[in-house]
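Input: structures, listed below.
In what follows, chain A forms one complex with chain B and a second complex with chain C.
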Partner chain A sequence: MSRRLPLLVAVLLAAVLVGSACSSTPTPPQGGEGGTLQLAYLADMAQADPDVFYDIEGNTVILSVYEGLLKYKPDSTEIIPSLAESWEVSPDGLTYTFKLRSGVKFQDGTPFDSQAVKTSFQRRLDVGAAPSYMLEPVASMQTPDATTFVMRLKHPVAPFLHYMASSWGPKVISPKALTDNAGKDHAQTWANDHAIGTGPFQLTAFERGQRYELTRFDGYWGQKAHVDKVEIRIIPDIGTQRLQLQSGDLDAILHSFPQAELASVKSNPDLQVQDFSSYLNNIIYLNTNKKPLSDPALRKALASAINRDSLVTEVYGTYAKPSSSTYPSGLLDPALAPVAYPPSETTAAVGGGKKLTFAYTADDSGVHRRIAELVQQRLDAAGFSVTINEVQLPQVFEYVNDLQAAPDMVMQTNTPDGAHPDMWARIEWYSTGGLNYLGYNSPQVDKLLDQALETTDKATADRAYGQAGKILAQDTGIIFVADPRDVMVLRKNLTGIEHVPNYPWALNLAALQKG
Partner chain B sequence: MAAAGPVLTPLELTRRRRAWAGWVRLGRLERGGLIVLALTTAVALLAPLLAPYAPTTAVHPESFAPPGTHGLLGSDELSRDLFSRVLYGIRASWLSALAVIASGVLIGGLIGTVAGIAGGWVDTALMRVTDLFLALPAAVLAIAVIAALGPSLPHTLVALAIVWWPWYARIVRAEVRAQAVRSHVDAARLAGVGRARLALRHLLPGAFPAVLVTASLDVGSLVLILAGLSFIGLGSPPPAPELGAMAARGMPYLFGHPWIPLAPAIAVFLLAFAANLAGDGLRDLLEDH
Partner chain C sequence: MARFALTRLASLVGILLGLSVVVFVLAAVVPADPVRAMVGASASPQIVEAKRHELGLDRPLPAQYARFLSRAVRGDLSMSLHTRRPVRTDIAAFLPATVELAATALALAVVLGGALGLLTARGGGTTLRVALVAGASVPAFLLALLLLMVFYARFGWVPGSGRISSDLGAPTGPTGLLIIDGLVHGRLDVVRDALAHLALPALCLALGPAVALGRTLRSSLQTVLVSDHIRTARAKALTERRVLLRHGVRPGLNAPLTMAGLQVGMLLAGVVVVESVFAWPGLGLYTARAITSVDFPAIVGVTLVMGAVYVIINAFVDVAQVAADPRLRAR
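Moving on to the complex of A and B:
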């Protein structure tokens, strides 16, 4: 009797396990309309507050729940209406008048009007987190009537409309929700894990580290979403995501699929690989503030020794091009600020045994690691002695505080906030730029960028941006490696795939359909 | 007629026969384990001679080449020869494991002997310190040490040596104390043998078999812990060929190019498996005596 007990327990346990496994896998509904879209994030998005959120993972949630005044046309840099139907810019570039859409309702039923826009924009300034820079140049906001919103700027800002269309640009939050949950921190505690906007989806669950759930908002003013629900689970391992995609538990992997594995996915009849143009840019920052790379000639020699073009083909295959300009392709005519790194004869004399440290941020696709190790291989062959280190992004932001202790080289893939050259140059290589990790500093570049910012004539401004890029290229302050494409792997039955180059790792969820 | 070989006394003859009989009586697995162990040690020592290519440079014209096309196991994601890397990886894992065990035996043995012989408050103090270290989970303490010192193979080894000695201290102390009450030790003491000689000649040899068996069983665990630490990025920085790191770096390619993560992973498995079998075999052999 007692010997049977363990068996009995095992059988019961197995039954419970099987039972729970069955109940946790709901059968996905079939058919063109409705259904639940299953997506995955590799990491937590941490923040649902559009005035604080400044990450890439999480774009899909923010862009589905909230809307700004403007947005980008799919596959284009063209700005199109969103909550604003039309807009006008005064000839001096100081007054922006937006004609707002009428009949729009927030997801909590509150009607949308110009006052709501003003409240939200003011909140972004009050919260004062990183993305608030887009509204810093605003001197005053007026609401002459319910559908007119006017902003006056302190000085002309060439990319201001792009600020309004950026995925990190100012969004409009329900004023009622902001008042009801105001607290003492401009409703930040609430907005952290709640969201009420005007977008095609409502945020119905925000379980940090677990899952997010979006439910179709039937009162949406525009084209209503096709699917009923979107479930986004946190699956921190790309291999697990891949298995779930193959078995149909996931509908798409939106980023970081290992490049080398794409070929084997293409032969799978259930899956499709889609790649889109993007402003993603893989770059290597050089520490110009410390020996040995404070020497421009050495930086140039190093850039050539990397033999970049063959490196890009080796790592990305056909899913990236070697950068042809200091700006991501599509932001500025590449002829205005070209870069090229003619490969050099690799002799040990180039490096002369100099020790270099190379830090790169971890990425799940294996791309960063491969580039880092290839760079190490090639620089070692050229006589350098390179130590590579995988680091986390917060560490990278610390480097600028102590440039002598910072690595000699830092590699990352970045993207501009909007499709305007200023939104790239100003963060990447302006002396106080937010992503200028290794403190590149050229007064001449700063001056050109400041001039361009206030120039209303586009051609003149572009020339100034080009000139700034050229100086940086001659200086080899940054090595521009690759313009990768935004690559996604989706189930074959997904249609309505709509991608905006400036919204990396994101698709328009409202347009997606499960066939 | 001159003797053709060394003349064996009957006693020696019996010893040899006994050893052989022990070998024969070992299970086939254990025997295999011992042989693999010997082979592995040979491979580890001779890796630079056996490897057809340098482990850290791109030697093949293409990356992701399947096994057999370029080199025995193909090329990895950076066109390096996977077979050569695995060989060097085995060398690093194996020699590291042996080094940690050697230092563990040395430190632990010293502390155990002192505690065992001295007795009294010295014993109590030393054993409480040992308990303190025993209470710490080895892998977690190693991670803490590496986090403080920075990731590199020497740091990993230091970290593991710090957590590995307490086992040996306990074993040696127990054995020394067990030996101390036996008559041959009393006899030696009566004959006026000094403390140091007593410890070295009469007490420690008795502890030897137990330590040897534990050590050989530990090799397997150490290979696994080393691989685990290097898998999570706490081993040598790249491009050093380490089995754990190679498996970790190969993970993204598991489905399309499975040989890249699997070759080092299988090597780890075989090393640990062989070490365990050999440990069992060694115990059976020594028990015969």
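Moving on to the complex of A and C:
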């Protein structure tokens, strides 16, 4: 009997496995046009509402279904037409007139016009979620005719056109869908998992925690998408994503591929590594509000002791450059606000045994942990005693409420909402900035940024932004570590790869083709 | 029996109250600001405060707890900060996948553990024991990846992730359990596809509990096998197999059943890791995301549901023990 039971178990197991073997996945169609593009997200995008959505994971869906008035040219900071064909800004910087594209239809057949724009923009203000700040400077909106849309601002806002082109900028939603589903919450319940815009894809499935499906919109006004469908599955483990990419069940991994494994991908004949310029910026915030880093000289010594340039090469290889400016590369002439951290002779005297706490947020590519470990090693060698600690983002947001209890250093990779210096400086180091985690506070910097915001002459404004950055750099309030590339791993047969630096982790899905 | 059910119900209420207090205290102790994360970097301080007020997070903790309780008794578990939907809706959407996975894993654990216990009780089953113990000793996420590398990437026998192939058009009701729904609708293709998706995650989850069950069964069988009634059975010249299955197992089930109830807890904990690796759209995945975004309403909701499931299953275990061992009824 004792011999038969293992046999029984083996038969049972075999039955399960054979049963599984029968259900093979269908073979994807071959050829240039059509087919289904298989992508993955590491996490749920939570919602499809463009007036609430304020995350990075999920922007491929938003940008495929919805369009705003403007967008960015691929590989560039240049603003180009989208739903607006042209635009005009009054000399006082207060009136923005957009000439809208005619003949555009929403995915539900509703015609697109200036009233639709006004309805959507007003909704963004009414919903009042995170991305509504981009329309808060608007005093009034007018629709003189069906293809003209005019916004009058309360005060000049230098980056206003960039707001319109931002990944999180105001999008135009079908006014019919908004009315039909209005409810009592400005159609938020509907828009949470439905979407009707003017973009090249329709959202045909939104299964939370499982998958999103985009289907080509054949009535699209512009260049129609090449693939028939895009399926985006939630696969929270980057290891599982890699296995599926290698097996051909995924066509691309758009972010967070383990940095250490990129070399091995290059030798794989089925895969390609693509890297693009981005405004991602890896930075270390220093807590200037408490000892010991309230001492500017110590902050400067610490920055040098990290020996940043060699650290960047060691962690990122060729996929990042040491930051040359306080602004992400491409936003402002680096000469206006340069940073450099000449390595110092490391002697134990620099740190003098001072204890430092260093918090960093987790990332799937392993880059943050690696940087934190190297910084710890190097600072320990310089006589500091560093404790590193992996934290979640909401914990980081809590620091500013109690700066004395907050860590001495915090590391993150951030990206501005748009390709304008104000959209970086104002959130990162303005005294009340939303990502100013450790409460850096310089009245002079605040004043310069406020001046620049209302300056209509670009050169003058840029000088003010540069000056603000310079003060911060001299102060060593933040250590600017690296300008990483946006790195993606794709199957070799993918072509039509189009990337915008300001839309991180995203490709233009309509341009992609499966060869 | 009615009295038994009532005491169980009372204990369930007590346990859920206790659990909710623990989670609320944790929320107060863990320094995190989910509101700021929610409203975004460019929100003005006024917007942050308004949102905090709207969510009631500016009130003292006891007041927050009172508000939570008064809503919870009406079945309202508040809104998730992350998905911005009622937590109840979210849980209803994610629970069936976890139930299906955990139930399959438990069944598999009982089969494997039972086989292990029966075989090793008399000194055999070395191969099975080595295989199970080895599997159970590997950390769950590593085991999951290893299984995927072999059975998905190398042999292509099973799908790489998820719960069902999206092109099948699987039925969406009535139970939310794909195997049962597939059977109800007569869709054998759905059942087979669901089983293929289930095989690896369920195996991964089942190994640890299987070893625990097998060991308990073994030691309890060994005690039974030297007792008087077994000697009598042997004296009647019954085959060893009949002695073991007919006279040994039933009195030896008490301890393994208790262990099975306890292992349900382990299983529910393992779900978070296993669901992440296999992209299984269940409560584990939902919880992992809720934790990283410090979404306390969601965390509280999941904790309460998991706690209730655990207590209810252990109540069933008690009933099963009485059924298996009539001696317990005398008490």
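Annotations
Criterion: the second predicted complex is superposed on the first by the 491 of 515 C-alpha atoms of A that agree within 3 Å, B and C clash if a C-alpha of one lies under 4 Å from a C-alpha of the other, contacts with A are read in each partner's own complex, and residues count from 1 in each chain.
The rule is short, and it goes like this: a residue touches a chain if its C-beta (ideal position, glycine included) is under 8 Å from a C-beta of that chain, and two chains touch if they have at least 3 such contacts.
Nothing here was measured: the structure is a model prediction, and the numbers come from that model.
When the two complexes are overlaid on their common chain A, residue A:373 makes contact with chain B while staying clear of chain C. After overlaying the two complexes on the shared chain, residue contacts for A:417 are found with chain C alone; chain B is out of touch.
After overlaying the two complexes on the shared chain, residue contacts for A:263 are found with chain B alone; chain C is out of touch. Look at A:239: by the touch rule set out above, it reaches both chain B and chain C. When chain B and chain C are set side by side, the one touching more residues of chain A is C. When the two structures are aligned on the shared chain, A:192 is found in touch with chain C, with no touch to chain B.
Looking at the shared chain after the overlay, A:398 reaches chain C, while chain B stays out of its contact range. Common to the chain B and chain C interfaces on chain A are residues 239. Looking at the complex, you find that chain A touches chain B at residues 238-239, 242, 258, 260-261, 263-265, 314, 364-366, 369-370, 372-374, 376-377, 381, 387-390. By the touch criterion stated above, chain C contacts chain A in their complex at residues 30-34, 36-45, 47, 82-85, 90, 93-94, 111-112, 115, 118-119, 122, 124-125, 127-128, 141, 145, 148-149, 151-153, 156-163, 165-167, 189, 192-193, 195-196, 199, 239-241, 244, 276-279, 281-282, 285-286, 288-289, 291-294.
Only residues 1-3, 5-6, 8-9, 12, 16-17, 19-26, 43-44, 46-47, 52, 54, 128-131, 133-134, 188, 192, 205, 207-211, 213, 231, 233-237, 239-240, 243-244, 246-247, 249, 392-395, 397-398, 401-402, 405, 417, 426-427, 432-435 of chain A touch chain C when the two sit together in their complex. By the touch rule above, chain B contacts chain A in their complex via residues 56-58, 63-64, 77-78, 233, 237-239, 249, 251-257.
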